[in-house]
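Just below sit the structures, each encoded as structure tokens.
In the two assemblies presented below, subunit A is common to both, partnered first by subunit B and then by subunit C.
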Partner chain A sequence: MITSPEVEQIEKPSGLLRTALRLKRTQIGLGVLIAMIGLTIVGPIIAPHSQTEFIDMPNSLNIPGALFGTDYLGQDVWSRFLIGGRSILLLSMSATLLGTTVGTFLGLLAALTKNKTDEFIMRIFDVILSFPQILLALLLVSMFNASPILTILAVALSTTPRVGRIIRGAALSVVERDFVQAATALGESRIRILFSEVLPNVTGPLLVEASLRFTYSIATIASLAFLGFAPDPTAANWGTMIQENSAVIVIQPWGAVLPVIAIAVLTIGTGLCSDGLSRVLAGIDRGGKGE
Partner chain B sequence: MPILKFIARRLGLGLLTIFAVSVLIFLVTQAFPSDPAQAILGRETTPEALDALRQELGLYRPAITQFSSWLFDIVRGDIGKSFVTQMPLSEYIAPRVGNSLFLMVVGAAFSIPISIAVGAFSALRRDKTFDKTTSTVSLVLAAVPEFVMGTGLILLLSTSVFHVLPAITLIDAGQAPWSDLSGIVLPVLTLVLAVTPYVSRTMRASMIEMLESDYVEMARLKGMSERTVLVRHALPNALGPVFQVIALNLAYLAGGTVIVERLFNFPGIGSALADSVRARDLPAIQFLTLMIAGVYVLMNLLADVATVIATPRLRTSLK
Partner chain C sequence: MSEGLRIVDLRLDVEATGNDIVDQVTISIAKGKVLALVGESGSGKTTVGLAVLGHTRRGVSINCGQVYCGDTEILSLTESDQRKARGHLVSYVPQDPSSSLNPALRIGLQLREVLEAHNFGSSDEARKSRIREMMEEVLLPTDDDYLRRYPHQLSGGQQQRVGLAMAFACRPSVIVLDEPTTGLDVSTQAHVLATIRQMTSKHGVAALYITHDLAVVADIADEVAVLYAGRVVEQGVVKDIFTNPAHPYTRHLVAAAPDISGKKEVVGLSGRAPSPGKRPVGCAFASRCELATPECQDSFPKEVAMSASHHVRCIKVGQVAPVLLASKGASNVRDQGSPVLEIKGVDAGYSGVTVVHDVSLTIRKGECLALVGESGSGKTTVSRAIGGLHREWTGTMVFNNVELQRIARQRSPENRRGIQYVFQNPYGSLNPRRTVGDSISRPLAIIGTDKSEASKAVLDVLEKVNLPGSYANKYPDQLSGGERQRVAIARALVSKPDVLVCDEVTSALDVLVQAAIVDLLSDLRKNLGLAMLFVTHNLPLVRSIADEVAVMSEGRIVEFGPAESVIGDPQQAYTKSLIMATPSIERSMR
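The block that comes next holds the complex of A and B.
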């Protein structure tokens, strides 16, 4: 395979990751993200009460055995906080993975075909992009029976064109290069060229975009829960908790404070990661060392 | 006139997109759900009630007929009536459009000058303390979801910490939003904080590019004062890419504010949509989504046209 050494060197994802990890912001971001993932794994195990258990008078503080008091239904705030991150994190990870995969495939296909297929894909993207992300997700989730799969599909659908456009843009310059032309001339199949020639050369933008989309997926999924469209409305969920407890914020602030802090910390963590990655990528693009 | 041709072509494309958007909305709300009537009435209902609603919705007609009559009614200006209140939708929506417009204008009036100033100043002070601080702050603001930021502001400014502002807007849909100014401070602040990072980042990047460009160098070499170089040469050219981002953010302010309006109980189109979705008020959901998407498409169109007009290089390359 004919690959110019310069391309080999700059676009390797491991290289991008390693360089990004030398930046303090990426280190902090990744640390925060790992800590939050740890919380959502360990949290449900160490939670003293179940997520829907009635333990005492609603909206009370100073209850022995309940660190942060009870929420509007008399459930343990601390337990619901410990449990309430898992579904957000799992759903947003799955939605990001699905949306990024489909978006990458369609973006590469569009860049490689450059004809009616390209035009068709881009117009479909335009239609989906005519909706603010939360609006499309809200429309889909509210019209059908809420389920985790539906939430993932709804968020992935609104993620796909955003990733697809970026990947198409990055791949357009790659498909013009000698090694892709050579592979085409050698009669390699389109799918093979797509995955083994073009994809390895757009992993940089892909990684940056995926990390950015992860932040927005968390925001969209938490916002859906805030609007009352969590897959399970009674289950503990940081977004649901903020909505439920914000009316009684004056007498029992913890029910809203804890999830507000949790979502803020989580999204700042993922935001720091993607900022570190995009800085390195931009640095490489300019020919610098990305430091 | 190549510019008119460009605008006409872009307008045609915009109309096509809106048509496709209306198809998508119809499919999602009316054609794909196995039974919209069931979805509206919920599980505890009688077959008679279901049948009556299906008749009223015209669900026994073929999907194509349902779609075309819905779209033609809207094009004729008849947007139907709400299922829940039985009121004409126009009466329900009209005052809310005004309220959202007010929120959007006030939000834009603060966020656009602030973000352009912050972005341009960060570019001039590149990698100095001001630039580093604003870049960290905007990173945080861009990452945190609006409802989390808004709830944080409520906690900070309307409850125990500093009790200076009301947590929700206490105005009715028909009332002028400026009749309760203290009530709109928090929603506006949340919107400004949500929008500013995007515009200021674009402005910063664009300004840096301009400052490094040949003709800014040239202007300096000609001996122009730094002030003239910045105000007359760098700044106007740096604004081109910023239009795009501003238009997208105006679109966001116009329609994507479902969350912020809901959080602060502000009676605009965003909270109207959130209410309609909860009440499964199908005509309201369909029209409001179409309207918001329409604003989005329109803003994108304006952004493209403004960018071309503002960028001499693009303007002259039009064929």
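The block that comes next holds the complex of A and C.
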């Protein structure tokens, strides 16, 4: 017999994230996202003026030292733009993180128990889902006040059931698989089965859903600010800026247009990322040859 | 004899890489004859079958070759002409009838659609009578009530017969059958095979029968082509292939197939077939062949004619030892060990409906008890109850003199350790996100064995199942089906159990791999004194592995006794019918 060391070596298939990163749309999306995050980190440092400093006449253009002129109160548009992204990004990231974590846990729990607990969790989800996301957030924020914590909680609350349903659906098929049965037969604890057997096998849908929820959270939090529910009404905030400066958009367009562009670019970036991820998950564009 | 199907020098490539997955396939089938295309999974059987219809899977394209159905060359037809030819000239019966019939349409409508698509029959009346005729031919009721049924209202065998009726509807001259009986019970399989045989000979249809089950081949086929790594290595009439295989690979295949007509030591083969693109210049089988010499690697062997109807591609023709089909080996008379697990009067069910009635079994140390039956007989329910995976059961199970609790979670760690379960499907029973080593050491971690000791035990047990220690760092995705099943067995063995419950552990595996796993299990049983409950529907295999057999039907044990006597000389009508329905190479060759 001719001995060959190994008839064949099979490569380990690369994970969802790595495969998705081979797609152009994910690369662009991630690039945009990183640039925007960079902007919100560096922005406040390089901003020439403070966010509440009055530097000139309101609504004026062509002011030396103020790239995009002044807003409706005479504050520097460029500085407020550079500073105003941070709170939106921070709030939406925290809200997504919180909502996804809680949603994932509840979804997994529902899938594994398949009894009254499952029923209870799902009905609660249904109740929350019956409110449009922005309405639910508005309701909470207007009942109390628009503190950062409450904003995060409100958006996370509307994110939780959406993530939870997806994770429950994905986990239901995993729970039926034999390796979960095998773990049960070995006497593994429920929590351990949940986190070490089931969770690693739903990371694909989880990633896709989390990135999608992030996109929605950005939009919701910006909308809340636009409607006047920013945590600090005097502070620079892209949503607030649009609202404040939209009335004078004809004479001083930058005050509203800049934040609009920023929010659009940010959501397109996260949208492209989640689209790339979900395409790989669904098996479209397999082989990673780009589009 | 006129030719029904002729495939000439067919080659298919993967578009992305340009690697061929099927190469130099030349097959011809006479009208009214059945040629079986045999090979392990991944050998390209289905790819050839689909190419006959001018169809390829996504990402695969036909590089060269011709497919003649009668006088028509399929591959040179335009897309729309090919579509017309499908069903009309050449038709296809897929593997799984439950997924190939549209669940939302009544079967009568689905049959009519085929006829309408090909403008068969001049009027609705003519079509209706053709549908009746077809249903009659496949031995199904012809009344309107039956035709108004949905696929889910039919049994698996009936569904597959509807599939056959659809395939034969427009009187094609060539039919491709892709493992049409896989997943069916033996008695259903016997009916379907009889229908296929009758339909092909009656209508003079050339049939390409794709399968990996050699006993079925012996039963139904006139000729056989053996496919290995995308190339036909041996081709000939059935009798030649089984009694006088000329290619070492064919010989291994035949030697690995258990047979119901006698006790047979099945012999496995290690290694796996090279995947497309990794195939060597020479004979692809050389790396696993015991006859291989350096010349084998020079070029793909030329066809050697053994006789007018028997061709082989091997340069070592004549050196291949003949196969012993079945030997009536001495029955395993052994000292009866002490009972390890006793099951008394177990009833089990699902949501209040009892499906298992009064099952009593005793498994002794070092003994293999086979629990056989058709699907729905309750055999898996019993095994799951033993493994602590099924909640709804009553009765008593005594394990090492301790009565067992109903489910695994309630049982003592000692009892959980003592009874280990190996699942049917190795693709599902290992967590894809865990390394092999992690999966195997988990049972030890639960008992509280410390890490260094556990990793030593992992290496130890990997060696027992004949896998290199380096596999501990691999992920299940990187392993073949057989290797995965070895890992699953290793996981079951690592905590040194007394009873191993094997639930259809070989049914998802190729015959060579199955033989190797059966080999392994027998060795383990001998060396470790394991008691084994081997749950299966594969009767021939039982004869090769088990000491005692319990036959289950409709939730009851209908016959019980030593394997040799139950299968060699069954007493119950049910067992007799099961054994008669099981195809046998030996019986077909007589």
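The working rule: the second predicted complex is superposed on the first by the 269 of 291 C-alpha atoms of A that agree within 3 Å, B and C clash if a C-alpha of one lies under 4 Å from a C-alpha of the other, contacts with A are read in each partner's own complex, and residues count from 1 in each chain.
Note that in this section a residue touches a chain if its C-beta (ideal position, glycine included) is under 8 Å from a C-beta of that chain, and two chains touch if they have at least 3 such contacts.
Predicted, not measured: the structure shown is a model, and the values here were computed from it.
Contacts of A:Glu188 after superposition: subunit C is touched, whereas subunit B is not reached. By the touch criterion defined above, A:Pro200 lies against subunit C but remains apart from subunit B after alignment on the C-alpha atoms of chain A.
After overlaying the two complexes on the shared chain, residue contacts for A:Leu272 are found with subunit B alone; subunit C is out of touch. Using the contact criterion defined above for the overlaid structures, shared-chain residue A:Leu73 touches neither subunit B nor subunit C, since it reaches no partner.
Looking at the shared chain after the overlay, A:Val102 reaches neither subunit B nor subunit C. Once the two structures are overlaid, the count of subunit A residues touched is higher for B than for its counterpart among subunit B and subunit C. In the superposition on chain A, A:Asp178 makes contact with subunit C only, not with subunit B. In the superposition on chain A, no subunit A position is in contact with subunit B in one complex as well as with subunit C in the other.
Considering their complex, residues 16-18, 20-21, 24-25, 28-29, 32-33, 39, 139-140, 142-149, 151-152, 154-155, 159-160, 167, 251-252, 255-256, 258-259, 262-263, 273-274, 277-278, 280, 285, 289, 292-293, 296-297, 300 of subunit B touch subunit A. Per the touch definition, subunit A reaches subunit C in the complex via residues 1-4, 7-8, 10-13, 177-179, 181-188, 197, 200-201, 287, 289. Residues of subunit A touching subunit B in their complex: 25, 123, 126-128, 130-135, 138-140, 142-144, 215, 218-219, 222-223, 226-228, 239, 242, 246, 249-250, 253, 256-257, 260, 263-264, 267-268, 270-272, 275.
Only residues 16, 59, 271-275, 278, 286-290, 292-294, 296-297, 387-389, 408-409, 411, 413, 416, 420-421, 423-425, 428-434, 439, 442-443, 446, 474-475, 477-479, 488, 491 of subunit C touch subunit A when the two sit together in their complex.
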